[in-house]
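Labels run A, B, C and D following the written order; every chain starts at residue 1.
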Amino acid sequence: MSKQKPAGPYETVATVIAQEPAGAVAYCLTLECPEIARSARPPQFFTISCHPLTGDGADGISLDPLLRRPLGFYRLRPEKGEFDAVYQVVGRGTKLLATLKPGDRVRVLGPLGKYISPKDVNSQTVLLAGGGVGLPPLYSLAETLKDAGKEPIVIAGARRRETLIAPTVPRKLKRPVGGRREVQSLEPFARSDIDSVVALEEPEDGFFEGRITVPLKEYLEQDYEGGVEIVACGPPPMVRAIAGLAGEKSVKCAAIMESRMGCGIGACQTCAIKTTSGYRRVCVEGPVFDSKEIVWE
Amino acid sequence: MSKQKPAGPYETVATVIAQEPAGAVAYCLTLECPEIARSARPPQFFTISCHPLTGDGADGISLDPLLRRPLGFYRLRPEKGEFDAVYQVVGRGTKLLATLKPGDRVRVLGPLGKYISPKDVNSQTVLLAGGGVGLPPLYSLAETLKDAGKEPIVIAGARRRETLIAPTVPRKLKRPVGGRREVQSLEPFARSDIDSVVALEEPEDGFFEGRITVPLKEYLEQDYEGGVEIVACGPPPMVRAIAGLAGEKSVKCAAIMESRMGCGIGACQTCAIKTTSGYRRVCVEGPVFDSKEIVWE
Amino acid sequence: MNQERGNKTAEPSLEIGLLGMKMRTPIIMASGTFGYAFEIARVAEFDFSQIGAVVLKSVTLEPRQGNPPPRVAETPSGMLNSIGLQNPGVDYVIRRYLGMLKNFDTNFIAGIAGDAIREYVECAGKLAAHGDIRAIEVNMSCPNVKDGRRFASDSGAAAELIGAVKKGCRKPVIAKLAPGTGDIQEIARACIDAGADALSVSNTYVGMVIDTHRRRPLLGNDAGGLSGPAIRPLAVHNVHLVYQAAARRDVPVIGCGGIMTGDDAAQMMIAGASAVQVGTAVFTNVHIAADIAAGLGRYLIAQKEKEVSAITGTLQLNRA
Amino acid sequence: MNQERGNKTAEPSLEIGLLGMKMRTPIIMASGTFGYAFEIARVAEFDFSQIGAVVLKSVTLEPRQGNPPPRVAETPSGMLNSIGLQNPGVDYVIRRYLGMLKNFDTNFIAGIAGDAIREYVECAGKLAAHGDIRAIEVNMSCPNVKDGRRFASDSGAAAELIGAVKKGCRKPVIAKLAPGTGDIQEIARACIDAGADALSVSNTYVGMVIDTHRRRPLLGNDAGGLSGPAIRPLAVHNVHLVYQAAARRDVPVIGCGGIMTGDDAAQMMIAGASAVQVGTAVFTNVHIAADIAAGLGRYLIAQKEKEVSAITGTLQLNRA
């Protein structure tokens, strides 16, 4: 990768290449959009129109819903000019996204927000903790960290195995934890030879039992020669719990935050969240914040 | 067919069976909806939601556009519980209809409006004159009249052959007109062994040249033993021209009128058009009106 | 009976009492979109059981031919209408239409409109005398007739109108307010002082669509009233404002504007409505009341509420 | 030059003159949705050439932290916002942001807001002194601050405010009106009498969305301002009303509300606008001005008009 500062975000039209279910509750959308695929760096995000554009012009057919939806990057394939995003159907916008089919064109803006540059990560080991649709962005981040010679370890939490965004496979951990050597690991990370463990609230063999903080605690009790820090991404209560634990243990924690957005690019102050230094925009100052700075409400 | 008065209109959900281009500028939509397919009589119409319904409930995903679109019946297949409607893409609603695919479910209300009962048609010969998307409803009407022992003859008008809703085939007319015996006829009518002639504004072999009134005049100069009358359906200026000619020749003419609609069922007074006896609702007192009663604006 | 029902099932009750009417649901069909009930009742298997009441299309003393077409213009998530109160006049309506109401198992409210107070009063008197009419809704705000908004924009005129109608009729009187015409709380208070038994909030918002091709308004009458989901956030806010003024006086508010779903109806009720009116949504589905009722029922179960009336006015402000 | 261009091409001209500004198109980016221009200018290949002017986000004398989140609620074909005028204060804006304006090839108008007239005046004076600021737009109507609508709902207060700003600043002053707060024609006349050089019509409409699950308003600030296509028919109507009041006095009207396409812009201009503002649409496409300009150009060709200004106020009423 070049050392240049990534070019400004792009406002452009992307083409849907594929759309597949991802686990039982989510979809994986593949978009062709070379500008974004080449310049995006995790955990940046992009925004996407809910309606496909009509054949003849730039405007969609329907004006409702109006706003674009922010999504993170799951896999980036800069060489192919493509990327994948995984999303969960929660409301009308994501319901519409689920109706997109190959060939449809959508309006996109991205990459947006700050990224985590491996060279700014001081610790050698990074615990990537998250759940739900927070896991896919951690995938692209984990790859980036690994490519830069860091040790990413993924810690996932879910209610049941079925609500995980990805299938699990048995894996022998490189770095055993809590006395366990062989656990169920998330398949995409395993394929990239990245350790991952999963905590389920409904107990099952090969998984940790309880909230995500259960395995996270175990990890934080280990020794890390090159130091350790956390990146948290997932449902806000989970991120908050992770941040809380990090605070107790005095481990640095980056929280990837969500917020309702207008412009996505810093112009409207819509996406403000409360921090110790006042309101901060998730789309510009975020989505990554030092968890110590977040004022949880 | 039973002699019972058709049952009241149905508010229900229809399933899209097929959607195909009809000519260069229109689409033919096949819907499964037994209630409507069995009770509709031409030239009644139905209204259709622009957005398909979502899997889980009765509501569509998008609220824009909001209103249903009125469409006529092209072919009715009561035994299969299906019918076809042909429509042209003119605005946002029809653009959305064009994105419907087999399996989609849409909200429909119909059949609506008055129909033409063959036994109320006093003349033996009925000249069905129209153009554009006015032709498909004339098809189901022609079939009904023919089944009842009447002689329907179709007269179509279009700018060019390419803007016709259906292909043409050479046909030997049962009742020659204007000295012509063999002309280009509309394929669907020919298949049902119903005479049709076409007037094109851009001249071509086998077609009348000029507006629809050119062949219509020729037909009105012939003698009809059992009497003759006209049904006009198409773009308002065409219907008006046909009505004008009918007036000059003192031939009875039924005009099938269009109007923007709210309820489609007589409750809101939205679809009023001006008649000699005040405002009348296209959705209840129409869509068929005696052309003499229309106050053209 | 009631007790038996209460024991048999844990289903929450949608029943409410309003102006002496027992309503099976808080869902009222709004004036002008449901005609005089018989038109839509023709739909096969039409079911009134989830409809709490119907407000009949506004009637005037004399017949009105209405406005020139087109009378509807679609807008983003909404529509403008400019019907112009077309109706055959109060005598004809009573003679020809009201007799059919007894076939339909719900409550009926008559809607009235007019230019002069005298017309309103006479109209109300005639309709109120009919046994199947349970209340009178005064359309103070039709945007589609000349000077139509006067009564809704001036609290003095509003009070005079409502006071007069109230005096001339022995059935409950509902004042139907209009939005965007000044301080809606002040108008609401004036109507209450004048004796209004309930307030409907609200009618449509005045708008215009221009046909750029012809450089003329699309509607024959130039401007029209905006209805449908587009106005829902405005209507919810106005209901909340009026509720603040009316609750203290124990006058029920009926919420109206853009309701399509059970959640929309719940929003209105939480904001302060005792019942809701549904207009434009009927154009998307004539059975919409049943869908809304089902949605409301599911909402009450999720909220562990036994009675729909328990949610009225329960809004907690974030900044309180 | 001009002649040469006139000969070379039959393309209609989108150029207009407004308040002494030469604008390449009548499209103005609305206040609050385009920040201080540099944020959106970061987008790759961002092009100002189809933007006639930008109104910078409203600035106040002192920094404001704005309202608690969430600050946006999506609504059918629209959105509510409750930003609450978050801004770093006029001095910071001048020191840190205005210097960048010279990099962007368009006209800039400063937006100002405040509580007291004194604040507005001081703010306007400081901004007007900046060479790259061509005019001052007075936000008389922010629905998201306490008492925010006072200046827009009372013609006396409006006149006082505009008169004071006008006196304290040597650049043209635009009064940005608010809808739904009384007789908008009367307010418009009051602003004109007080010296307003142009009128923007209009700001957002107050609305509320309720989170039924929590029975609380979705917005942290409870209510917010409705913008986007949902309000377009209302805005077009208000522009037409204000134009009737302002045209006689030769004061230009700037139309604003729900514009997404060239046809929408044409509607506003036909209704009486000399220029249009585009806000929410930027959230759907940051290059929207170019699309709207292209649409307007096609419209002028179809209408055989050579100059976009020729369509301003050409509405023919059906009922005239």
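Heads up, the rule we're going with is that contacts are C-beta pairs under 8 Å (C-beta built on N, C-alpha and C of every residue); 3 or more make two chains touch, one makes a residue touch a chain.
As the structure is a prediction and not an experimental result, all values here were calculated from the model.
Engineer: Shared touching chains for chain A and chain C?
Structural biologist: Where chain A and chain C share a partner, that partner set is B, D.
Engineer: With centres defined as the mean of C-alpha atoms, identify the chain lying farthest from chain D.
Structural biologist: Most remote chain from chain D, centroid-wise, comes out as B.
Engineer: Please work out which of A-D and B-D is bridged by more C-beta pairs in contact, and write that pair.
Structural biologist: Pair with the higher count of C-beta contacts: A-D.
Engineer: Just curious, how far off is chain C from chain B if you go by their C-alpha centres, in Å?
Structural biologist: 37
Engineer: Find the geometric centre of each of chain A and chain B from their Cα atoms only, then give the gap between the two centres in Å, rounded to an integer.
Structural biologist: Averaging C-alpha atoms per chain gives centres 54 Å apart.
Engineer: Could you grab the centroid distance between chain B and chain D? Build each centroid from C-alpha atoms only and quote it in angstrom.
Structural biologist: Result: the chain centres lie 47 Å from each other.
Engineer: Could you list the positions in chain B whose residues touch two or more of the other chains?
Structural biologist: 63-65
Engineer: Could you tell me which residues belong to chain D and also touch two or more other chains?
Structural biologist: Counting only residues that touch two or more other chains, chain D contributes 68, 73, 76-78, 228-229.
Engineer: What's the contact topology between the chains, one of line, ring, star, complete, other?
Structural biologist: If you draw each chain as a dot and join those that touch, every dot ends up joined to every other.
Engineer: Would you mind writing out the residues of chain A in touch with chain D in their complex?
Structural biologist: 7-11, 35, 49, 58-59, 63-68, 107, 109, 259-274, 278-279, 284, 297
Engineer: In the complex, go through chain C and note every residue touching chain D.
Structural biologist: Touch list, chain C to chain D: 68, 73, 75-78, 80, 179-180, 182, 205-210, 212-217, 219-223, 226, 228-234, 236-237, 240, 258, 263, 266-267, 270-271, 299, 302, 311, 314-319.
Engineer: Taking the touch rule as given, give the residues of chain B at its contact with chain D in the complex, in rising order.
Structural biologist: Against chain D, the touching part of chain B is residues 63-64.
Engineer: Spell out the residues on chain C that touch chain A in their complex, using ranges where they run on.
Structural biologist: 76-77, 229
Engineer: Taking the complex as given, what residues does chain A use to touch chain B?
Structural biologist: Per the stated touch rule, the residues are 51, 54, 61-65, 92, 95-96, 99.
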